[in-house]
Amino acid sequence: MPFIVIDGPPMKTVDQKRRMVEKLTEAAAEVYGYDRKIIHVIIRENEPANVGAGGRLIADIHAERESGS
Amino acid sequence: MPFIVIDGPPMKTVDQKRRMVEKLTEAAAEVYGYDRKIIHVIIRENEPANVGAGGRLIADIHAERESGS
Amino acid sequence: MPFIVIDGPPMKTVDQKRRMVEKLTEAAAEVYGYDRKIIHVIIRENEPANVGAGGRLIADIHAERESGS
Amino acid sequence: MPFIVIDGPPMKTVDQKRRMVEKLTEAAAEVYGYDRKIIHVIIRENEPANVGAGGRLIADIHAERESGS
Amino acid sequence: MPFIVIDGPPMKTVDQKRRMVEKLTEAAAEVYGYDRKIIHVIIRENEPANVGAGGRLIADIHAERESGS
Amino acid sequence: MPFIVIDGPPMKTVDQKRRMVEKLTEAAAEVYGYDRKIIHVIIRENEPANVGAGGRLIADIHAERESGS
């Protein structure tokens, strides 16, 4: 503890994940006033067909945007 | 926010996911009295070997049922 | 299983919670094609000082709105 | 989406929560390359009697530390 | 890591929470083959009005049972 | 309900998952004093590149350890 879970889209590279873990950990350590050693992060990557915003799948919102409609 | 996470089995089609997001969003928007635009949904698909009910894997419960035992 | 967790603001009445559980369960049962008996819901009520949107506390967004600024 | 949930101890002030939301949002927005507007944060405050580390309650670890044993 | 979150009803005593943390940690440590030092547990206590089973609030199921209906 | 989620590394065999579900369920049933039939478990398997401890990816900690540095 503390324990951060971030739910977002699939990430592109391991380096992007590395920076995410570094920066979230740093932010939490600073605000809590804790050593960063005790802070854990889990990144959850969610496919656009498994996430909805405003009642629509992100996959559908993307498809519509790409078709220019 | 609000933010709905549904943990269930793997889903069969994108259309099934689309209806899940639509219906959960509609339900939450109506009860909260919110615009559906601000409601988010995440669907988590869990393999039957990763879920337990009553101390047994869903995978084992399914296998037993199929073998007629 | 399935399990639905909804994170939102504090709710006003038990009846509102009752309708939330009913409607989310009904939605999930219908889309999965499951008996509603096996569907569980947890409502998490979050104080406006414990939620952020766009980098700001919901508590601050509300305060600003009420002050008319 | 994205959605960040941070589970930690009770926080001392609203200002500490404000900084937590700001800094986590900023970190995620920068690494994803997203506008911070779409990033949400939920802070969960957990009592020391509801958290365990290494098989012991945080409440017990604190009590032991304070008694100097 | 690993991290165990258990969502259940309000617990009666700190000692009950202590045993829950001990036993869940022991179980996970043994099955993973890990030192229990790295295992964390969070207990979430949910009011019966915030949980639904089969489309009904646990609070309502309890009330009905107590009234003998 | 109750409902246990365990976030850990990928597991090696279905039998390991079977024992995890058995043991966590047994632990929770005993401490709550509930029938194990109503207890559910979800195992989440997280890749070492998706988990951070102390601000570093588990994948990087493993790589460093294996290279003997």
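Lettered A, B, C, D, E and F in written order, each chain numbered from 1.
By our rule, a residue touches a chain if its C-beta (ideal position, glycine included) is under 8 Å from a C-beta of that chain, and two chains touch if they have at least 3 such contacts.
In this text the structure is predicted, and so the values were computed from the model without any measurement.
Looking at the partners of subunit B and subunit C together, the chains they share are D, F. With steps allowed only between chains in touch, the distance from subunit A over to subunit F comes to 1. For the pairs A-B and B-D, the count of C-beta pairs in contact is higher at A-B. Counting every residue number used by either copy at the subunit C-subunit E contact, under half are found in both chains. Superposing subunit B on subunit F by their CA atoms means rotating through 120 degrees, a value rounded to the nearest 5.
Greatest Cα centroid separation from subunit D: this falls to B.
Chain centre most remote from that of subunit C: F (centre = mean of CA atoms). Averaged C-alpha coordinates give centres for subunit D and subunit F that are 21 Å from one another. As a whole-number value, the distance joining the C-alpha centres of subunit C and subunit F reads 27 Å. Among the residues of subunit B, those in touch with two or more other chains are 1, 3, 7, 20, 24, 26, 40, 42, 46, 51, 53. Inter-chain contacts, as defined above, occur between A-B, A-D, A-E, A-F, B-C, B-D, B-F, C-D, C-E, C-F, D-E, E-F. For subunit A in complex with subunit D, the residues that touch the partner chain are 1-9, 16, 19-20, 23-24, 26-28, 30-32, 46, 51, 53, 58. If you check the complex, the residues on subunit B that touch subunit F are 7, 46, 49-57, 59-60.
The part of subunit D that touches subunit B in the complex is made up of residues 1, 3, 40, 42. The residues of subunit C lying in touch with subunit E in their complex are 14, 17-18, 20-22, 24-26, 29, 36-45.
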